[in-house]
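Paired with chain B in one complex and with chain C in the other, chain A is shared by the two complexes that follow.
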Partner chain A sequence: MQAYIIRRLITGVFILFILSLVVFLLLRIAPGDPANLRCGLDCPPERRAAIHAALGLDKPYFPISIDFTRASVVAFSGDSQYGSWMVDVVTGDLGVSTFNGQPVLDALKQRLPVTLELLIITMLVTVAAGIPFGIISALFRNSPPDFAVRIVAVLWLAVPSFWIATLVLFIPLELWGYAPPLGRTVDFFDNPWDNLRQFIPPAIVLGLASAAGVMRLTRSSLLEVMRTDYIRTAQSKGLRDTVVVGRHALKNSLIPVVTVIGLQVSALLGGTVIIEQIFALPGLGQYILQSLIVKDFPVVQTMTLYAGVAVVLMNLLVDISYAWLDPRIRYA
Partner chain B sequence: MVTTSYWDKIRRQRISRRRMLAVTGAGAAGLAIAAACGDSGDDGAEPTDDGQVSAGTPVYGGRMQIGTAVNIDTLDPHISIAGGVAYFPRIYNVLVAQSAIKPEFRFDDLAETLEHPDETTWIFGIRPGVKIAPNEMGVPERDMDAIDAFESFERIKNLDQANAAIFVNDWFETHEASADGMTYTVNTPTPYAWFLMRMGFFINNIPPRELLVGDLDALRNAGVGGGPFLVPVGGYTEGESLVLNKNPNYYRTDPNNNDAQLPYMDGFDVKIITDRATLRTAFLDQQTYSYGAENKAEADDLLANNDVYQASSEPVQTFIAVSMNVVRPPFDNPLIRKAIMHSINREQYVELVYGGDAQANGIVHWPQGAFALSPEELDELQPFDPEKSKELIVQAGFEVPLDVTVMFPANSTIEEHSTHLPIFLEQMEAAGFNVTQDAQDFGTWLDNYTEKNYDICLALNQIYETPEIPLDFHHSKGPAGDEIFSSGMQDPEIDAAIDAAKTITDNEELVDAIHDIQRTLYEAGPNFLPIVSPFSRTLYWDFVKNIPTGLGAVGLLINDWWLEL
Partner chain C sequence: MATDQAAGVLDAQIAESLRPKRPLYVTVWNLVRQNPLGVFGLLIVVGLVIVAVFAPLIAPHDVGTLETSAQVKADPSWSNLFGTDHLGRDMFSRVVFGARISLMVGFLAVGGGTAIALVLGIISGYAGGAIDNVIQRAVDTAIAFPGLLLLLILAQVLGPSVQTVILAVGIFIIFPVTRVVRGAVLSERNNQYVEAARAIGASTPRILFQHIAPNIVALAIIIATTLLGTAILAEAALSFLGLGIPVPNPSWGTDVAEARNHLPLHIWWAFFPGAAITLTVLAFNLLGDSLRDVFDPRLRGRL
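Moving on, here comes the complex of A and B:
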């Protein structure tokens, strides 16, 4: 297992390297000069050049460049944009936002807890709603409860979460004059009630959409397992249904479900961009969106890399959890 | 108070600022928020009759809750380009400020007097007793003085990133503070019509000099000065909130309330809420006390269904404009530019985009008051006449329909742009143009717009508080004076007329000159056409008292409003 984890981590580092190259290049290939966004349309060339220099955008992209037009095919630059960024990342210096001059690490420390709390509650909602209703749907197949659960699931999958989010704000306000606290994050340890009032509505909006997918997968996976020989054997032995399902069927049926839940984390990271915006939660999603608009290269690069790390680690955890769920699985 | 007649002459001028704060719509929204936070009152300077939504007996206490869609980039008042600009006048002082909306209203802040002995010399007499707030930033509780002003403008001059760097470098030939710190003198290289207005703009705020040296963290993340409020250490959370607390040392008192110490409110709690629906929800739920309605219809709807709201309205200095590239065919042909001019039915924008709550613009937009041409004259100079457009196209030697490519940003966060675009395209088609749409990512659009890489396009929310920049778009050197962004009309006579107007310091003469330039531009086929400018509609809960109308951003400097919670 240890060797497997090390191999996966090495692969993960390679993936992150490729990701860093892609995001670095995409940001620079895409038209739009951060200096123009910073300086405005009446920005004189010398001021634009000064901003480029201040942002490090006057340096070459890479430490090594190939010059096909000259005899010397390889040129080396000790100070390049990508090289500086990588050195900073490796040494734990995530750079400084070009929009507001704030160290990205400080922003990360400030905003990560917000997104993390939102993701944790969202995952709880996903699991708490998706798996039980999937089981109910499977066990009562083609019955009214099954139809009801499936219709609701399709509905949640079909309706865009930003629209539901807006309704979640408007409807309680219209009906009961209630709205969650907006615009400033309340720390859980300072005021748990207000904190949960802030986080539960967006978590429900995000979580129910992913729960719908989990529910459908749980249902189909459980139905498939319930048709297998060993389940029939268990039923033939006279075991109670709860034991058959709970002890024998469910655990095996959860393997694909766990995979999907793991992948949901990366999808939810994307979902937080809109939901944080609507519920005025100053998390990483909002940060990335705002930074993209103003072409804040250090922030977008670092946040993308951070998201990549999260996805790589989550996938690793999912793979490791297979062995726990199904003892037959061995990692050589 | 010593003033020259110049003070009285300057009546229809504005604080000049030309910034494309389009990154997040910051300019328009920032100033809208600024207006939303504005208040009324008068000052030891020369109080004027401000419209007020409501008043009564002032009470102390309470914290104003504000929601803003504009993120704050930094609290450094000299380099901020986003939401912070709306709060600097509540923290720091300017020398003087003049209302962009109501030019006869001016506010003498740090400067108590002004002498203008010749056309290039400006002597500001510093007001004694503008005392810095108690703070944790190590700035002593002393009076602000001329040395603070000198150091502040010196920093702006030498800081490439400073918003006013171009202004100070171009127009400060010399500047000095007297040894006693009570007089600050600026000499301009030539007479400059817009000098005083630009001096008063909020990118020229004056922080205490202690904040301008060494580690600038305090300046970036907090703020203290001689203004009515301060941002305490830890009061600013990036992307989330801003806290302003009362300055107990603030120099102003309320002459309408037995010279009671101002401000009345204990502070502001500013929350950054970027989604409009969420801003509205926060307002309706009383989590914020003001809300900038999207348009009159929304404001009217909210007012009709709730008797606990009140509204305030201001002319808005922003507008969407049509920009034509005169170095590219067919827009190098003045007849084609005139054809575009005749294709624009501004009434349709007024009705469809703003529900009647806007007015048609000429080359200088109507909120510029006397500098703008009258509606009647504009009707004659730029009539909507699609048939005339088609005639002009033929006259120019082209066939109808004429193929043109219209560039625009596909993902603008500026609401007005997306509402203007379909109308503009439809009107062009109706006037004999066959439009190819060139929708671009915002960054791409901005690059191409800056580099003049387009034929014709919609220019996003322009914000000009003097006629200077709208006219500079027609100058061959463009608004930045370096041929970047706009190639202007390429007409030496027009260039000379625009340059000459900048040196006119007699106001009536200046107004006439600005009018004449516009008429000449209409003759020549203008390349930059502002469409319409609207009114803002800001709603407040009814316990917010003494809200101003008609002062615009300058209302931010006056802090005699209160809360009856």
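Moving on, here comes the complex of A and C:
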């Protein structure tokens, strides 16, 4: 197991290295000059050069660059854009925004709790809606409740979250003049009621699709387990249905569900970009989107890399918990 | 070989003669009874394709030109079935034309992405070794990443346009499909028919594309159908965020965003384009689910 974890960590570092290269290069082939944001389109060349120097954009891209036009093909440079970014990432220096000069660390401190709370409530919604209804659907297979659950699940998977979010936000406003608090978040410990009023609607909208996925998976997994020999044995011993399901079937059928819930964190991270924007929650998703739109690329590349780190770690945790929950699984 | 083929033809003829003769409507009725949702999905998809192809004939008004006499942000009525937007443009016509963009992005992105993924997956699964490793690590990297973020960055880098969205969504499709195709190739390549083909001296490309590929195409079509819904949702989300289809075009995602940006919100303006997205994605999901159930029940839960 230890060897497995170490190997996975090494692969993870490799994956993140590739990811950093891809994001770095993508953002550098993007059209547009960050200097335009600071002094406009008709910026005098010397001002432009000064801004580039201040932002480090005059440095070569990579520590090793290959120039086919010159005699000395390979050039080494101790001070390259990618090199200094990597040094910053490893030493934990997140840099400053090129757009408004705010340190990224400050933004992160303000915004991470917002996104974390949104993700936690979303996961709670996913589990609370997905697992019970999935169980009901499987136990009463082909009955009206089963059909109802399946229809709702297939609908939820098809509904675009930005559309439902827009309707959820504006229909109560039209009808009753009600709106949840927007913008700046209220601390949960200062005022739990206002805090939840602000977070629950976006969390429900964000959790719809993942709840539907969990519902469908719980249903098919439980149905599969109910067909196995050991369940038939338990039933023929004369155990009550509640014991057969509760003590024998559920445990095994929920193993794949736990895995999928873990893997959904990656998809939810993407979803926060849309939901935070609509509900005006000042979280990381909104930060990345706004930085991307104003071409604040240092912020974008650092935040995407950290999102990648979160996903790689999450996937590793999922695989480890999988082996822990199901002792039949052994990683070599 | 020739006698084998003749025997095969004979077998097929015998099977055909033994099959009970049923009129066409009975066959169709059985299909509908066994897969009511799948047939429902198929009918909607066919309907949408017709709407998209004949959009200029179906739409009662022009989507671009502004009629100064038209009422702004009107409620649904007989002359404007879905109401109008802030410029007095007929929303019904815009939703009809929106089907064109959505389906075009969906079919081109998924078609192109799946085709590339088929080639990559077959090479990766059959070659093994270093090539397999390189392709699979690329897939790992792409999957270990919130997909929407990658899409947003790509769309921003390439600049908003229809081609950009097709390209970005298409790239996004390649990776997961490559993985599934590779898995299928791995399980096919050890079958006896592959061994037999190799024994009679068939070249590797011939084995890959003549023998293995046909067995994977059905799988690819099922995955592609399921992904069409995902692709259309992705296009709509990109357009909603302003990084997809640029403004004057009638795109469902852009129209929801426009409705949201012009407060106070006119509910009907936001409602119909989103409902169109939901219906389209629902239709492709239902169709994909029942194709999978009919052709490959083993895939349950893997997609």
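Throughout what follows, the second predicted complex is superposed on the first by the 324 of 332 C-alpha atoms of A that agree within 3 Å, B and C clash if a C-alpha of one lies under 4 Å from a C-alpha of the other, contacts with A are read in each partner's own complex, and residues count from 1 in each chain.
We adopt the following convention: contacts are C-beta pairs under 8 Å (C-beta built on N, C-alpha and C of every residue); 3 or more make two chains touch, one makes a residue touch a chain.
In this text the structure is predicted, and so the values were computed from the model without any measurement.
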item: Partner chain(s) touched by A:Arg111 [first = chain B, second = chain C, both, neither]; value: first
item: Touching partner for A:Ala128 - first (chain B), second (chain C), both, neither; value: neither
item: Contacts of A:Ile293 with chain B and chain C, given as first, second, both or neither; value: both
item: Touching partner for A:Asn100 - first (chain B), second (chain C), both, neither; value: first
item: Which of chain B and chain C A:Gln277 touches, first, second, both or neither; value: both
item: Contacts of A:Phe14 with chain B and chain C, given as first, second, both or neither; value: second
item: Which superposed partner A:Pro181 touches (first chain B, second chain C, both, neither); value: first
item: First (chain B), second (chain C), both or neither touched by A:Ala30; value: both
item: Contacts of A:Met1 with chain B and chain C, given as first, second, both or neither; value: neither
item: Doubly contacted chain A residues - partners chain C and chain B; value: 30-31, 166, 170, 173, 277-278, 293, 295
item: Partner chain A, residues of chain C touching it in the complex; value: 37, 137-138, 140-141, 144-149, 152-154, 156-157, 159, 229, 233, 236-237, 240-243, 253, 256-257, 259-260, 264-265, 267, 270-271, 273-274, 277-279, 281-282, 285-286, 289, 300-301
item: Chain A - residues contacting chain C, complex; value: 11-12, 14-15, 18-19, 22-23, 26-27, 29-31, 154-155, 157-164, 166-167, 170-171, 173-174, 217, 220-221, 256, 266-267, 269-271, 273-274, 277-278, 288-289, 292-293, 295, 300, 304, 307-308, 311-312, 315
item: Contact footprint of chain B on chain A as seen in their complex; value: 30-33, 36-38, 40-47, 50-51, 54, 99-102, 106-107, 110-111, 166, 169-170, 173, 177-179, 181-185, 277-280, 282, 286-287, 290, 293-295
item: In the complex with chain A, residue positions of chain B that touch it; value: 18-24, 67, 71-74, 81-82, 160-161, 165-166, 220, 237-241, 269, 271-275, 277-278, 281-282, 284-285, 287-288, 413, 440-444, 446-450, 469, 478-482, 484-485
